[in-house]
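The structure under discussion appears below in the form of structure tokens.
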């Protein structure tokens, strides 16, 4: 775990509401694995107070890539920061994905959940695996990471809510017939993950969860999620958990 | 560093900057960034006789210049503390104050008795002010007589310095503190969190799984400072906390009457905040020509 | 606008957004920017029988996402209200609630009696929760029985709708509210400011001339919201306030149980905040297909 | 009183820690007189919460000039705003200076207190009067407004704490022998104003006071100052008061 004042190298909108942020963060980039996250300070004064967790979406040498969606006050403030400025980063944090031997990676992403999976896909490729990425978004314009995946020769299939690209409907509709011999790596809204568990009961898999975080390091016990073994901390025990282990409400 | 050395309720501290209970875990989580030995003391997460699971999520939500938490005192229990955390903290050379919680007086007493024999513990902080549990916590701290009874019972079974952590959610803090003093406490911690809540407009339901939570962070600093100011008249040494984020915040608490201060929520935003506060106070004292930090204590009372 | 029309404690309001006492003067100061007739109601500055000079300066200081004030209820007195301000407000077509203060029960009663006969007054708000005066204010609001006695005495002398403004600085807000109800109040205003303070590091003295002050603004929103949530069980209509700055803040208060809301400190930062909140609520109701704002009241209780 | 979203036309440091801000504020500029102020929002979120009062330091057509010193959080934040951005301004507020007939204006400024006096000096000149400006600052580099005054042919005398320019000592040391037939217009630290009252007992004069402000319009009763007639509000009864009327502590 490092605390680093990382210089912004690149920061731009890559799709409506989605931004890509590239940072010079040698200490953190050197140690980050897919599924891990950084905890990032968006302001300087007493408000907004807390850091924001963002998954590592890629790295190249000393550069760390983040990919985020502007959803509220903190991410809106982050969006105003310009190249050359520095951001206060804590990371890499949490436990990331681990490859399951003998099974090819099937990556299932919903919206901004694609961020950690882009990093995972690249690492899988580098390790000689054959990942396939399924991505569900609201509309065609929100497909991000496509060029990156294409450059690595990683296939991508898209579903959209409005049918403007790929199949109309949830990304889980793309699963049929694709589960054989695969291990699932997922990140997206709770509804997506719940459906995934229903559709792929026997398939081994891992999921990256989200929860509101204060400390990000396991100290405050704030980011509890329900698992078969009781409450666990998303920041320290996760964010990546076994798909089988995660318990949803209702 | 002797400029900063203080004694708080019989506990010798190399500096007056402590890690607040529940925000620094057992020291281990932040160890890479904040060596626990460089703090005045580490106050542990609230510790109960048996492990407690805590409240249903969500447990935290951000608010204007603050946050709400409804952790519900999740903790791995006394045995874990004694077997894992205290040895580790001792190995680090940290001064340790254990924050104690229970559902009944007997549970508080039982924890205190075990820790009384423990060399790695410099003092106890009785949490009678957690707003996030049904039994225990604020149930004892809301009235002078229940607070008295609890402190008295624990006092009989331990010679360790005893701090009692008070809630700001009361009409007459001073009255409670006086009874706590009469029960034999060595010092007061002020304050714990304020009761608050947030509502999720989409779901039209409370955000927190436990409905209400405790408000902490810069937002509550003025309330905490006023509490310390008023408690100064009680005559017990005070550990001041609530919203402290900078050395100048810390100095305000000292001037209001706190002998030492603790930093909670600020650590989440700036993990090294406590170390920066130590440096800041050191620099302030040097530049004002003040030989020891205790000279500031209570000075704003004129 | 009928989507927004509500009745609060017997007072008909065209919308549920009121100007909080002490932050909108008597309506005149902001008239160029906020036509008082466009608000649910104007609650006047706390008004006493005789003029009050207020506390020594400094009277305000900014804090994290909030501010402290120790105005001390400076006001030109009842005569001035009756002769100058009420006629002006009536001319503007504003609905008016007068916030009443006094040092003794008799003073409150005397003000209430005079206003009872006044056509330009739609209701009274008894301030038993101002933390900035020695006598009166919080002296009455801190305990169930003193609150009861005051409200009972005033109730006997006026048929005007009676709101009682409560302090969050108490152990058991609900108990006080219940007694206030038994005394004949028609509604509750919650909350007044939290006691807080700030210290000037240069002077090593309290910043405020009156030492402590009342904390308001976004910082206290979670505390105020939790107060409204709890008071909902008392069964009286509630005017919710404390830190409201946006229409979504307002909606949270309605969902927690407030029939209407008031905006205080936010007006200082954004003089048109109240009008923006009216528009925001209107838009929200329209887009959610809600026929009247009262359908939201208390909904977060599930 | 207008609420105006004013575009920043110019914003730069004019001396160490002092910044000049020129705004396109047609509604406010058109009505502002010397001694009046604007109440300015420095942030957007809940912190910092309150507006900041700044005196009008000049106007030219629709442009309003402010001159401020960076002293704390709010002014530091203001200093980051760039030309092209908009600032939320409430004004013009308060009661300004009025000329006293038959007496030439003697303007006495301490530090940033020069701001309203620059505007007053220009107006005095335009009205055919013969103002003289006395300015006290810590050190020579902090002398601001000099070019402006010179362009209008208004004489300026300086004192500095460190003697790096003009007389060493407080600005009130420059008063001797200059009070005859004058009316004083002052703005500066309390100590300066107090000394002024001592040194010029019979001389008519006005002073612009400062106090922490919430509303800025007389509604909150927060900005009380002591006067012979009891508490008065700096924002609405002032900020300019008769020198004789103002009462200082101790």
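For this structure, a couple of remarks:
Note that the chains take the letters A, B, C and D in the order they are written out, and that residue 1 is the start of every chain.
Everything below uses one rule, namely that a contact is a pair of C-beta atoms (placed from the backbone, for glycine too) under 8 Å apart; a residue touches a chain by one contact, two chains touch by 3 or more.
As the structure is a prediction and not an experimental result, all values here were calculated from the model.
Minimum number of contact steps separating chain A from chain C: 1.
Note on chain placement: the centre of chain C and the centre of chain D lie 36 Å apart, centres being C-alpha means.
With centres taken as mean Cα positions, chain C sits 34 Å from chain B. Centre-to-centre separation between chain B and chain D, using Cα means, comes to 46 Å. In chain D, the residues that reach two or more other chains under the touch definition are 45-48. Residues of chain B in contact with two or more other chains: 64-66, 217-219.
Arrangement of the chains shown, judged by which pairs touch: all-to-all, with no pair of chains left without contact.
On the chain C side of its complex with chain A, the touching residues are 64-65. If you check the complex, the residues on chain B that touch chain C are 63-66, 68, 142-143, 169-172, 194-199, 201, 204-206, 211-213, 215, 217-223, 225-226, 229, 243, 248, 251-252, 255-256, 299-300, 302. Those residues of chain B that touch chain A in the complex are listed here as 22-25, 29-30, 32-33, 45, 53-54, 56-62, 64-67, 69, 71, 74-75, 217-219, 245, 265, 267-272.
Residues 45-48, 73 of chain D are the ones touching chain A in the complex. Residues of chain D touching chain C in their complex: 1-3, 41, 46-51, 88, 90, 211-226, 230-231, 236.
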